[in-house]
Every structure is written in structure tokens, then in C-alpha cells.
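Note that chain A is present in both complexes that follow, paired respectively with chain B and with chain C.
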Partner chain A sequence: MSAAFFVFAPGFWDNEAVHIALVIGAAVAIVTGVVGVFTVMRGQSFAGEALGDIGTTGGSAAALVGAGPLAGFVAVDVLAAAAMELVGVQRVRGRDLATGVVLGAAIGLAALFLYLDTTQGADGGSTVTILFGSIFAISSATIPAVVVLAVLAVAMIVLLYRPLLLATVSPEMAAARGIPVRVVGALYLLALALATALAAITIGTILSTALLIGPAATALRLTRRPWRAMFAAAGLGLAATWIGIVLAYDSYHWPPHEHGWPVSFFVVALVFGLYLLSGAVEWVRERRA
Partner chain B sequence: MGEGATSGAVLSVEGLGVRIAGRQVLGGVDFAIAPGEFTGLIGSNGAGKTTLFRAILGLQGASSGRILVEGRPRTRRTDSIGYVPQKFLLDPDLPLRGRDLVGLGLDARRLGFTLNRKRRAERVEEMLAAVGAESFADTRVGKLSGGEQQRILIAHALISRPRLLLADEPLANLDLRSAQEVVALLAGICRDRGVAVLISAHEINALLPVMDRIVYLAGGRAASGTSEEVIRADVLSGLYGHHVDVIDVHGRVLIVAGAGDDADLHGCEETVEHEMPAEPAAEPARAARDEVVP
Partner chain C sequence: MFSSFMVNAWEVSGIVAVVAGVVGFFTVMRGSAFAAHAIPNGSFAGAAGASLVGVSTLFGLGVFAFIGALGIGLLGRRGRHDAVTALMLVMMLALGALFVSLNTQYAPEVYSLLFGEVLGISSNAIAPTLILGAVCIAAIAALYRPLMLSSALPEVGEARGIGTFAIELAFLGVLALATAMTVPVVGTLLIFSLMIGAPAAARSLTDRPGVAMALSVVIALAIVWFAIGASYETDWPVGFFVGTGSAAAFVLARLWQVGRERYERRRVLGSVVA
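Right, the complex of A and B next:
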């Protein structure tokens, strides 16, 4: 009773929405952690952020036609990744430009779709759901799709691990070894699109980067090896997500009563806290060394 | 195979021409490298050294001529050539130890994870020892000094057992002592492992004692042979298209534009390089107007 009672408020373990949230949250945290390590190492945080934001267009379009948000996120993010690739995201100079151009175009569409959603849609809450996520409102029918996409994205990174790593260190050295640097980069962008789409259903399109970049950046401060960083990032993301879900469930009993706080807030706050903490750990280590 | 002088060569470049964006960067470049030979590719910045390397690596198409690797046109996935790129800044935050980068030289092309990790670790260890990098193999590569990074990059290139090692300006940005160490290391690799080495530099003197052959690039054209055959006033004058003198100062070679020939100096594409401080005697007042390879 006692301590566990206060941590896990009554009904936590029996609530189906909580079960779904824990499963989907875990799958998403693992994918974003694994993919995010390369996002940080490749300096593609802006592309990750942009793909997250662009998901808004897909989510709002899906709401207009009555489809689930995940399909919208995935479809539009994959299209956007392809567009970025074509516009030239892989040239260092053209990278931010290509990302920005595609981002601007997509968000323009999102403005229209969100307007139509709020004026014509039956569900007035869809805007907040798309932008900031609502992990407790996901139907169990979504779980298989989430798991399949998560496995796909992680499998791509595991398969491409070594060519991708060398291409990240030096595209020149990779090309000299006969690695098709452009193809590898494009496949990576696809995995990134899947990861941001998945993150969007848990904590929303705007916040999806937090889960992608935060745990990865934290992990990279703590280890000298990329694959260890991936495990660490997945673990940190998982911890932040699950603790966030518990706190959000508990917050139902906090003021204002009968209205729980959003999960996204807790997850992002925890991710940020972990990042600050890793900075302190790094600082202590360097002073000792 | 079997084309007279080039038969048995590990690399032969025949009449190579490269045009980039309408500009003829290289034209009629001819030379061959025999197995185990140490060759210096000498030329100032902009002479086309990196372009030539990129062409040899298959990353830059040729507009004329051809390149044969071990007698055959090169394929994209060759392990015959190891490559040490021009000095680039590795990100100090990159979570990669020197040892990991060397290991990638073995299997970066493969998908998935390594199964035989013990065998892999042994080869990495052996390679680290060969370049004298054991003591810093566990440090993040981005935090190593220039000379240490060079050693790691050389080990990365060599671990796949190439027949030819290309090193693009490995001495640039190194202090004199590190540069001498890298030259000694490369010469040793060449001698002990029978790996042909092609090393580019804009400074000739550090390489003079170890070079079997020299390929001198100027104005997009090349002269090749032993250093006695190439570092001569008549040969280099022909290459530059104006008169140059070759002067021996205390055992160091200086290549200077002919006196009283200012017009040609301005017409020349080459720039004056002072990467390494010359000995005081080798730096007379005329340095300001001469083209000098100190």
C-alpha cells in the first residue's frame, strides 16, 4: 500500500488507456533513442525538428478526412523526407536551406488544414492533440502499426550501422571505400521520418524533437561509443516516457482537480532534466580526469 | 595488362584529363607506380592534387584518358586502394575512439553487426601497433592532435590490406617533428609491407630522402620520374611554361621563378607556399617575389 499507493494512483494498473500508453510509449522511446543518436552525430537536428513540425500537416489532413493521425504523420513525413533529399539535404551547404524550404511549404498547408479542422471538423480538440499529443487517447488498434514501424526503423539503423557511421565521420572516406553515401543518407532520412512520425503520436508534432534529440544528446555526453549511446538513449527515453505517464496519471488528483496534466509536459520536462543532469556528470568527470 | 612500361604497375594513369565546370583541371597526366614504390605527388595549392586523387578513387570522372588499378579499370568497390583524406577536423564530441575508426576500415561496407569480434579486435590491435597508436587508441578521435589523427587515419586505410595507399597532404598543418614522424611511418610501411604509397604535398624537401619517384603537377600537367629526372630547371620550366631555376641550398631544394621574369610570375597559377618555416639561410630577401618551395 503506502509508498506504491502514492506513486501509482488507484486504478493505474487496471486502466486500459494506461496499458496502451505504456506499450506505445516504450516502442516510440526506443526508436527515437536509436535513430536520434545518429541525428545528433550527423548534425541533422534541424531536419528532425522540421520533420516533426511537418507531421502537423499530415495529422491535420488525416483529421479532415476522418483517418487516424498516425497514417497522416507517416505519409507526410516520408514524403517530406523524400522532398528534402531531392532539394539537396545532403549537401552541407544546401542542407538547412532544403529543410527550411520544405518546412515552410508544409506548414503553410498545415495552417489551412488546421483552420478547416476547427471550423468544419466535428472534433474540436484535434488541433491540440496533433500539436501536443495525447497518449491516453490512442486506440489499441494502433498498436500493431506502431510496433511494425518501430521495428522497421530500428532494423534499418542496425543494418546500416557501419556504413552510416563511416559516412557520418567522413563522407569522403566512406565514398573512397565504395559506400554509396547518398543512398545511405537517404535511407537514414527515411528512418528519421518514421521516428518523428511515431514520436508525434505520443507527445505531438511540435514536441517530437524533444524525444528525438534530448535522450540522444544526453547519452552522447555519457559514452564514447555510438552503439552504447543508442542503448542509453533508448533507456533514458523509456524512463522519461514511463515516468511521465505515471506522473500524468497521478496529476489527476492535483489541482485543478479532475483535470490531469498533459503527459507531453512531463516527458519533455524529464528529458530536459536528464540533459542538464548529464551536463553535471560530464563536468564532474572532466574535473576528475 | 601488358602495356610495356605499365605492366605489373599497381597504378597507371594514362593521358588523364579532368574537366570540372568547364575548366580543364588536369590534362595529359601520365605516370605509373610499381608495387612497393614511394611516390611523392608534388604541386602547390590548386595544382590539381586532390582532383587527381579523387579521379584515382573513382569519385571524379575523367574527360579523357584512363586509370588502371593493378592493370584493370578500377571498380567502385576496390580494396586495392587505401585512402587518407586531406586533413579535416574531426568533431571533438564524436563518440568514436581511434580504435573504432580503425575497425571501420575493415568492415564499414558490411551491413549489420560483426560476428567474429575477437578476430576483428586482433587485427585492429595489430594495426594500431604498426602505426604506433596504441597509447591513444581509446581517446575520442576528435580530441587527438593532428599527428595522432594522421596515424589513426593511416591505420584505418591500411587495415584492409591495400596494394596502394593514397595520402592527401598528410603533412599539412603538422609541426616539423610530427611531419617527419609521419613521413618515416609511411616510408616504413612502404618498405616493410610492400604497399605502394602515393603522397601529395606542396613541400618537396620533407619527402626527398624517401621518394623513389616524383610526380610533379603544375598548371594541370604532370612530369614524373626520379627526383633527379624531374627536379631540373629544364623539366620544370617546361611544365610551368616559364623559366624556373632549381637551387640547392644546404641540401634543400628551392624552386624559384627566373630572375627578371615578373610577367610570368603573375601569369602563373601557382601560389607561394610557406607552410613549414625554412631555415634562415633558405629564406633570402627575394622570397617575397619568388615562387618558393622552401
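Right, the complex of A and C next:
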């Protein structure tokens, strides 16, 4: 009793904001884990990071017109994924440059929208909320949309699994077998855009990559089988998110101000710690072998 | 537009553009766009932390930029390079988020750090920017030959005894230094678009490396000065003009390149037929 009381600060289980955070956090962690394994295998971490940052443009534009941030993230991320596909993200050569140019333009727009948000008297805290997330401030009305998008993204990966895997490991062999590699890649980019938008509402646009890349990169160090890595990544992401929520709730009683540390900080720190730990596990295994 | 406080902005941003043009040239050549995005972006945490404990922002930026560069270089030896870069970046940003939340007075400054505040530069920012800029250029000049060789032909560089890893670390160090000096001016999110857009545009216009580097500096200067003037006139953020201007420069240069190639091909074809 006393140990449980120490871990879960009073009121943790009765707090509605916490319930919503736990549900949304779980859905998002599972989606990002499943989608992220392919992001890491395909070497598209920069694309994931760029889509996350670009979400800032959508979030700030949504705040400007009074819409919810999720709608903004999804709309702009899907558009940006299409733009990246058009400027050549599917080629290995020069794709970082294409990603970078789209990203730079989008961030410029975000700077303008955030400026207009603050000068036109919309919520002054929207800059920090969009960039670093605020999972405790999500209204329960967002849950259905999150669940629908989450199911959609996971369903895309499940349906695409075999052609996507082959196109990832060996594009030439996939093409020889008649798999439309470019279409598969474009559909994957769409799933990635959905996953990034979901991650952005939980831990913020510029931190969303953590959930996408961290658990997946960790899982791929522990197992070589992609579908196992997906389960492991979803589990690790879920653990990091839930433990992060518990710690953030506890931190309301921590120094220096007793007003709570950001959830995003705990989630990202746990994800990063897990990645380092998996490196140690890998190292020990190699020495034994 | 050319009043005394604006003169500071023109001068400091001029220095920033020259450094961004030169360092960015190698960034594009080496395909280090992601690192050029991650190091300045992550160093945001340094500025937030410096403000929390009450030391100079420039110092905090520098320390975190170097931590980021070292982390990417060292962890990248074992893990997948892009995944490591992403993780290092988000870890530093998360620390930044923590520092911002612990520091109740800091919130309004977040925006200017991320997106730049070139119009608020005071005259005592000129000297440190100039010194750090000179160090950056000197480091690039000293590394010029090995850097060029290992960027263009890594195998040949390796065969001549130029360690790829040593050069990578040295280059990331220069990137960190450039970050520390440019971030207070154009912001952590936008120095990257200047470092990518201008050199990428220059490389589409010419094949010769020396000319491309000079052109990259000229384009960067044009973008930054245009951005400051436009920002002064419209009151809109400098970052908006830098970000969209860099992308526009790249798109225009690419269009010109495509057009020239088509023209050349047609001319060759025409002479063959005739």
C-alpha cells in the first residue's frame, strides 16, 4: 500500500486528465512503435523528424483559425509528405536535401503563424504547447479521432507489410517481383505522416520523433525480425509514455516550484535511456558470441 | 531602416550569412543536412539552461552544440547514424523543454530563440559574432583540403590517411561553433534552412566547388538582407522570410539548372541532326 502510494501520488487514479492521457498515450505509443520500425529500417529518420517539425506549421495555423491542433497536424503532415514525395524523397541520393528544403520553408511559415497567433491575441502559451506538447490538456472529445487515425495507420502497415518489407530490404528484388516500389513508399510516407501527427499531440511537434525513432531503434537492436521489433517497439513506447505520465504527475510535488515537470521530458528521457541500455545489451551479446 | 540599431542587425546578419554560406557548402556536399538541423536545434536547450542558472546564453549554446556534435559523432559509430542524430536531438530538446518549464520567466524568449530576433541585436553582439565567425572560417580554411577530399571522395581520402571519423568529428565541431554564433541572430530552427538552401542553390548553378562556395555566400547574404528589410517593413518575423527565401532560392536555381540542361541537350541533338 505505502509503496504504491509513493509511486502513484494521491488522486492519480481519479483524475480525468490522467485517464485521457493514459488512453491517448497508449494509442499513440503503439502506432509510433509499429510505424517507426520501418522508418528506422528505411533510414527515413530525417523525414520523420521533418514531418514532426512541419506539424508546427499546422498546429499554429489551426490555432489561428480556432481549430483543434490535431486537425492542423494531420492536414499539414499529409500535405508535406506529398510534397516530399514530389521533390524526390524516394531517392537515396539528395533526399536529405529535399527533406531539408521542404522543412525550412515550413518552419518559416510556422514562424509567421506563431507570430500572428501571439499578436492577434490567441492563447499566448500556444507556442510552447504546440512545440513541446501538453498531454494533460487534451479534451476527451479528441479520443475518437486519435483512435480512428491510430487504427488507420496500423491497418496500412499490416496490409502493406510484405511488399513494404521487401521494398525496404531490397528495392531491386521487389521491383523484379512486380511490386510497385514507389507507390508502396508513398503509402508508407502517408502512414508516417499520420503517426507523426499523433505523436505531436502527445509530446509536441519538435519532440515527436522521440516516440517514432527511439523505441523502434531500441527494438531493432534487440531483435532482427521486423514483426517482433514492432511488438517490442510498441511495448517500449507504451512503457516510456505511461511511466512518463506517472512521473510527471508525481513531479507536481517536486522542487523547485512544485508546478510539475513536463511529461514530454520524462517520455523522451526514458526513450533515450532505453536506447543507450539496448546498446549495452548488444555489446554484451557481441562479446559473448 | 538604416538607423543605428538597424546597422547592428545588418552587420551581424552579414557575418552570419558568410559563415552559413561557407559551412553550409560543406554540409550540403557531405550530405549532413540532418546534423545541420539537429545541432542548432538541440543547442536551444543550452540557451534555456543558461538562462535558468544565470550564465551567458552564448556560453550555454556553445556547450550544448558541442555536446550534441560529440554525441552524434560518437554514438553514430555504433548505431544507425540517422536514428542516433534524431535521438540526440530530441533528448536535448526535451532538456530544453524542462529548463523552460522550470524557469517561469523564460517563456516569451522561447519564440525568439527558436525563430530568431535579428532586430533586437545590440552593438555589443558584434564583437563576439565577428570573432567566432573568424574562427569558423579559419577552421574551414585549415581543414579545406582534407575536408574537400573526404567529402567528395571518401575512399580516396581514407587511402591517403585522412581518417573519415576524425574529419567527421572536426566538421561537426565547426558546425557546433557556427551554431553558437548564429543562433542568437536567426534562431535555432532557421539557421538550418539558410545553411541548406543557399549552398544547394549555388551547387545547382555551377559545378566548380570554389565558385559554388562563393556563390553560396552571396546567395546567403542576399536572403538574409532581404529578410531583414522585408521584416522591418512588414513587422513579420525574420524567420519567415529566411525560411521561405531559402526554399525559393533553391527552387529557382533548380528550375534554371533543369532549363539549361534541356537547352544543352536540344543544342547537341540539333547539331547531330544537322
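Things to note:
Going forward, the second predicted complex is superposed on the first by the 286 of 289 C-alpha atoms of A that agree within 3 Å, B and C clash if a C-alpha of one lies under 4 Å from a C-alpha of the other, contacts with A are read in each partner's own complex, and residues count from 1 in each chain.
Simple rule for what comes next: contacts are C-beta pairs under 8 Å (C-beta built on N, C-alpha and C of every residue); 3 or more make two chains touch, one makes a residue touch a chain.
Note that the structure is a prediction, hence the values are computed from the model and not measured.
If you put the two complexes together on chain A, you find that chain B and chain C both fit without a clash.
On the chain A superposition, the C-alpha centres give an angle at chain A of 80° between chain B and chain C, rounded to a multiple of 10.
In the superposed model, A:R224 lies in contact with chain B only, and not with chain C.
Chain A is touched at more residues by one of its partners, and among chain B and chain C that partner is C.
Touch criterion met: A:G48 reaches chain C, while chain B stays clear of it. In the superposition on chain A, A:Y161 makes contact with chain B only, while chain C stays out of contact range. When the shared chain is aligned, no partner comes close enough to touch A:P10: not chain B, not chain C. Within the superposed three-chain model, A:A175 lies in touch with chain B and out of touch with chain C [touch as defined at top]. Contact with chain C, but none with chain B, is seen for A:Y115 once the two complexes are overlaid on the shared chain. Of all C-alpha pairs spanning chain B and chain C in the superposed arrangement, the closest lie 8 Å apart.
No residue of chain A touches both chain B in one complex and chain C in the other. Residues of chain A touching chain C in their complex: 40, 43-46, 48-49, 53, 96-97, 99-112, 114-115, 118, 125, 127-128, 131-132, 204, 206-207, 209-210, 213-214, 216-217, 221, 256-257, 259-262, 264-265, 267-269, 271-272, 275, 279.
Chain B contributes residues 57, 59, 75-78, 81, 83, 85, 88, 90, 93-97, 100-101, 104-105, 107-113, 138, 140-141, 153, 156, 160 to its touches with chain A in the complex.
Residues of chain A touching chain B in their complex: 41, 158-163, 165-166, 169-170, 172-179, 220, 223-226, 228-229.
Partner chain A is touched in their complex by these residues of chain C: 28, 31, 33-34, 36-38, 41, 75, 78-80, 82-87, 89-91, 93-95, 97-98, 100-102, 104, 107, 110-111, 114-116, 187, 189-190, 192-193, 196-197, 200, 236-237, 239-247, 250-251.
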